[in-house]
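Note that chain A is present in both complexes that follow, paired respectively with chain B and with chain C.
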Partner chain A sequence: MEDLGEKFLQVVIAMAIFAAVIGIIMLLVDRAPKSFRDKATIIGFLAPAAILLIVGMVWPALQTTFLAFTDRDGNINGIDNFIWMFTEPTALVTLRNTVLWVILVPTISTIIGLVYAVFIDKAHGERVLKALVFMPMAISMVGAGIIWNFMYAFRGSEQEQIGLVNQILVWFGGEPRQFLLDAPGNTFFLIAVMVWIQVGFAMVILSAAIKGIPADIVEASRLDGATAWQQFWSITIPSIRGALVVVITTITIITLKVFDIVRTMTAGNYDTSVIANEMYTQAFRANEPGRGAALALILFLMVLPVVIYNARVLKKQKEIR
Partner chain B sequence: MTSTPAVPAMGTTETGEDTAIQPPIARRVKQRLTSRGATIAAVIIAVIWTVPTAGLFISSFRPEENINQNGWWNVLSNFEFTLDNYADVLVSGGSQSPNLGQYFINSLAIVIPATLIPLVIASMAAYIFAWSRFRGKDTLFVFIFALQIIPLQMALIPLLTLFVNLKIGEFQLLPSGSYAQLWIAHTIFALPLAIFLLHNFIAEIPGEVIEAARVDGAGHATIFWRIIIPLSVPALASYAIFQFLWVWNDLLVALVFSGGTGDVAPITQRLAELTGTRGGEWHRLTAGAFVSMIVPLLVFFGLQRYFVRGLLAGGLKG
Partner chain C sequence: MAIIRGNKAVLPVAALSVLVLTLSACGSGSEGEGGGGDEPTADCAAYEEYGTFDGEEVSVYSTIVDIEAERLENSWADFTECTGVEVVYEGSKEFETQIGVRSQAGNPPDIAVFPQPGLLAAEVASGNVLPAPDAVEALVDENWSEDWKGYGTVDGEFYGAPMLANVKGYVWYSPATFEENGWAIPETLDDMMTLTEDIAADGTMKPWCAGFESGEATGWPGTDWVEDYVLRQAGPEVYDQWVNHEIPFNDPQIVEAFDSVGEILKNDEYVNGGFGDVRSILTTPFADAGQPVLDGACAMHHQASFQAVNWPEGTEIAEDGDVWAFMTPGVEAGSNAITGGGEIIAAYSDEPAVVAFQTFMASAEFANNRVSEGAAISANQALDASLAQNPLDRQSIELLQDENTVFRFDGSDLMPGAVGANSFWSGIVEWINGTPTDEVVDTIESSWPQ
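Right after this comes the complex of A and B.
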């Protein structure tokens, strides 16, 4: 721990440099000649963000797009990387898995989150119940990966199990299984981890939306003799449609980029890789930046329609209000 | 209703009687719907959701032999607790030790600047977008918002190359294996969303406040630091919590920019490494996972209200 002081010093120096830069900007802006002051303010206040975004996002995104059409030596190779992606069996498995993740995680998380939000709306101890399900959101996906690796831990049937999931199997008379090794089931067990994390998010947003439904509408349907089930379908669901769209699209985007869970639990082996993980593997492990870039580009193209749809819905809602 | 005789003694009209006897509508609805079944179902789900974490937590205090011999749910029948696992992963100096203490400090050293720097830069930009006028402002704002579409993955390779090539003569400005790369990368990736969210909040500040300060002769810098920042504390706090959690929990940016050494790499990266190489050492992994989770969990339970408020304000990284 002898380097503690040195690390602390680095942080202090960095913050001091940053404060100095900001201080100089403020000083220049306030001391600028009056005729020029407004312009100076705009430039000075926007410059740090603008420079960082251009250098760190716009330019890299353009470069990655270009990179996607080059081979490992940097020569342009047309659409070879994309041909690889859609023909190579291992790459195809990656695409298939990504599709599975993107369909299953948002759907299952939203359904469980919604059901749970409806249940706790009528339950005692709502705050505690909410916190318990929401907690996985605060944990890193690496932490979640370890938690679930432990849940799935495997011991031969002659030994005592230490993983709860296998123990439950054994209690019900089954044979212990290698949950993370056997394809294609293992992908589903990884997906379960993501669902475990995302349900809390869905629940918090949907619960807030449910509480926002005017009480008199609910009461009116009661007086009309609607059952709880009818009420759920004809009052609750339509009233929270906006929140549902937000939840599903947000989880979809997060899922498309999921990386840490796969990395920690299987490292993408045993046919469990997804685009975001494969991109890292190709670009930074296999020395194939072109393939990595092509995968990133595909990721971008997959995220794009989801975001556009989301923005459209939000805009429409604003217009209605 | 007309058949109900009015009760003269109470001196109320029919409608008055209605509201006097019945509780307010909202409460009545809630009471009617309260059902034991829903509560039980909710509790069952909550238990299922908590058991995995609880199992890890309990295991982290069990002696190594116990963890490997039987499941943590047997903990009551063989009751033995120890702090050895934590001592082992945090401070033991042996070459076998995961040395998490060191990585924990790295995480702190990464997360503090990586939260504060984007917060300041983004609020400056947000202030301009909310309170000044110039040509092309709206277009620029929409463009920055749209940058959220770009997945981090697209920026990684070029940004890494850029950091490597950023030299003055022979002197590398941002050497790999320094915190600087991580601070800057996290700052960049945080900006689009931070500017958008903080703008929404800063734009709501009443114009009279700013106008009054301007009349008193305050410049933009003064207005920004003396008025905008203090009034935006709720939004800043909520965003800071998110940024803090994202950076603390991040793995991808760390893997690409940290160089992987104990000098710089955060605890998440070390843990991911340990699961890869020593997946069977549960006494270390369980304790290690909890060391890495303790900070986010403290933030979560301590600041839960702001955390949820931030979420509801649409605070989500796209």
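Right after this comes the complex of A and C.
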């Protein structure tokens, strides 16, 4: 009980401090000379967030950048870490895998999501069909990794299969196989998990965009005698271009950062590692913070253009509206 | 701006939401501090020497969780009752990475329990761990062998006492199965190989089952195999040179150990009973891997003394029970070389209550308390072996206390993290997956920090 009392007191004190800080900011902003008041308001309310952002993001980013040029003992070693990254065979496999992920996951997820959205549009039971595909989005990547580990589970051909995929193979007279152990095929089986998760996201956004196409355009094209295929290429696709870009770029960013799936399913063994996973392994397990930081920096440089493009497209859309 | 100026309710609402958030965050934090309030039941005579510290807290951080953590906490309940030192225990599977983060952030626990001497050395290098108090060093000099004291020593300075221990290299089997088939316990490594061939030729079951899957630590049970063979085939001197990198990792003597292990583990005829071919070792969780011994799908399973907790509840561990274990034999009969592991308990604080707790943890009382809770052993020579809860624990304690035993600490725990907890593990994984031995040992050698 005394514990709870103590905690409560702490809460009250924290609350009071929070209120006091906000109060002081408000007071100061209010008292500022009139000519300066607008600026004071902006500075007053932006500063706390900006300070937290600098302490929490900008400063660590600079530190990481510095770290990327040091060795394990903290001495500066020039671009050694980057030379390692682009020459060492296992590091090269990591880069290759990341490229594979980034090309395949956004394109496949978007295509499947788009086709699905078009086909179920105005279909009977659309909501249920949508929910079915969207549900994997609600599962964490770690959870999805564990689920699919069971799906791919292997037992020898003399034993009872416990994994669904291998059981299906056996039913059709095939030999069970180790899906996660054979490179480079295993990377594709991991990618399938990510696609499984992301299709729902693509489908929901694109379906909403399709529903937003003005009915008169669709009707006009139909009166002009356009086939379903022509409608799809000439009406649907151009009308939802903005949504398509958002979907592809968002999935690209998520894919670049993929970590949990690889970590839970193979831990980066069997040539399946990706940049984010290798970054963690190098920094925290291999005791090579410099290499970890260098990988983080590369990851950042790869995400950056996608983020910028995404932001520009969004801004352009706003201008049009 | 109009919203804020016009609506005076914003502040209270914001404050209230902070209150709610903070309260809900606190709700889950106060578990696990149970106990207390009991009538004094302990005999406090044994604890008088530590003094009394009313209500002072000592925080302890380690890798030990779940039931093992409960037993650990029980073993210092009397200490708390008699001295008044509240022990705030926290166990985490993330200990190995988090301890460095916490000590660098200026938020270390009072006491940390290091499962790897290599990790302790890395933490000592960061300058935050304090050398052990004199009382602890005196107890360790009295009750532990030189070797064990050495695991808590970094660059000649002594930092902490060993806490618990385990003995590796046991081969678990079903006594009933062995008797039915007339198989004898092998006395030498060659005998073990002959037995393996016989069982395989017999055809009723695979001789071995194995499982190396352990999440991101996948591969470690394989390092145990190799370490056992290096110690037995090449001897303790070579073993020491190997873990200290005085000989390269790809030395022919190490390659020989790999190849000998490979004769068993990389042969589809000999593994992997109940699971599939050689490569199914990689996808079988280490805790499940022994089960086919009970089903009669395999005859033997190589795993440390802590395999005892992985058997289904109610499995009798005894020489005439459901399962029993023999020590991996040496090249010649009567070999006495074993590998094992343990934890080192070191401090980040020198408050008197912390020193008292640290001294208690090095004492025979702690070892006795913990061992009588079950499923644990210690290398403390003052430990009473008869307190052990199963015959294998008793046998392991006797092995550790026997002066003739040549004991070596788990090699991968002594090697630098870049090898011991990284390239050695992933190397074993590649090796089982089909990569030839020389390629694997070369890769591991090249990862050794210069």
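The definition used in the following text is that the second predicted complex is superposed on the first by the 272 of 321 C-alpha atoms of A that agree within 3 Å, B and C clash if a C-alpha of one lies under 4 Å from a C-alpha of the other, contacts with A are read in each partner's own complex, and residues count from 1 in each chain.
Rule of thumb we're sticking to: contacts are C-beta pairs under 8 Å (C-beta built on N, C-alpha and C of every residue); 3 or more make two chains touch, one makes a residue touch a chain.
Just so we're clear, the structure is a prediction, and the values are computed from it rather than from any experiment.
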{"item": "Touched partner set for A:167, first chain B, second chain C, both or neither", "value": "first"}
{"item": "First (chain B), second (chain C), both or neither touched by A:136", "value": "first"}
{"item": "Which of chain B and chain C A:41 touches, first, second, both or neither", "value": "both"}
{"item": "Which of chain B and chain C A:57 touches, first, second, both or neither", "value": "first"}
{"item": "Touching partner for A:153 - first (chain B), second (chain C), both, neither", "value": "both"}
{"item": "First, second, both or neither for A:178, with chain B first and chain C second", "value": "second"}
{"item": "Partner chain in contact with A:72 - chain B first, chain C second, else both or neither", "value": "second"}
{"item": "Partner with the higher number of touched chain A residues, chain C or chain B", "value": "B"}
{"item": "Touched partner set for A:270, first chain B, second chain C, both or neither", "value": "second"}
{"item": "Touching partner for A:286 - first (chain B), second (chain C), both, neither", "value": "second"}
{"item": "Chain B/chain C common contact set on chain A", "value": "3-4, 7-8, 11, 14-15, 18, 22, 26, 41, 153, 263-264, 267, 284"}
{"item": "Residue ranges of chain B in contact with chain A within the complex", "value": "25-26, 28-30, 32-35, 38-39, 41-43, 45-46, 49-53, 55-56, 59, 67-73, 91, 101-102, 105-106, 109, 112-113, 116-117, 120-122, 124-125, 127-128, 132, 134, 144, 147-159, 162, 178-180, 183-185, 187-189, 191-192, 195, 219-222, 224-225, 245, 248-252, 255-256, 263, 268, 271-272, 275-276, 279, 282, 285-286, 288-289, 292-293, 296-297, 299-301, 304, 307-308, 311-312, 314, 316-318"}
{"item": "Residues of chain A touching chain B in the complex", "value": "1, 3-4, 7-8, 10-11, 14-15, 18, 22, 26-27, 29-30, 37-39, 41-42, 45-46, 48-50, 52-53, 55-61, 63-65, 67, 112, 116, 118-124, 128-129, 131-143, 145-151, 153, 160-164, 167, 196, 199-201, 204-205, 208, 215-216, 218-219, 222, 228, 246, 250, 253-254, 256-257, 259-260, 263-265, 267, 276, 279-280, 283-284, 289, 292-293, 295-297, 299-300, 303-304, 307"}
{"item": "In the complex with chain A, residue positions of chain C that touch it", "value": "1, 4, 11, 14-15, 18-19, 22-23, 26, 30, 33, 97, 122, 215-216, 218-219, 272, 274-277, 279-280, 282-283, 416-418, 421-423, 426, 429-430, 433, 447, 449"}
{"item": "Chain C partner contacts - residues on chain A that touch it in the complex", "value": "3-4, 7-8, 11, 14-15, 18-19, 22-23, 26, 41, 72, 153-159, 176, 178, 180-181, 263-264, 267-270, 281, 284-288"}
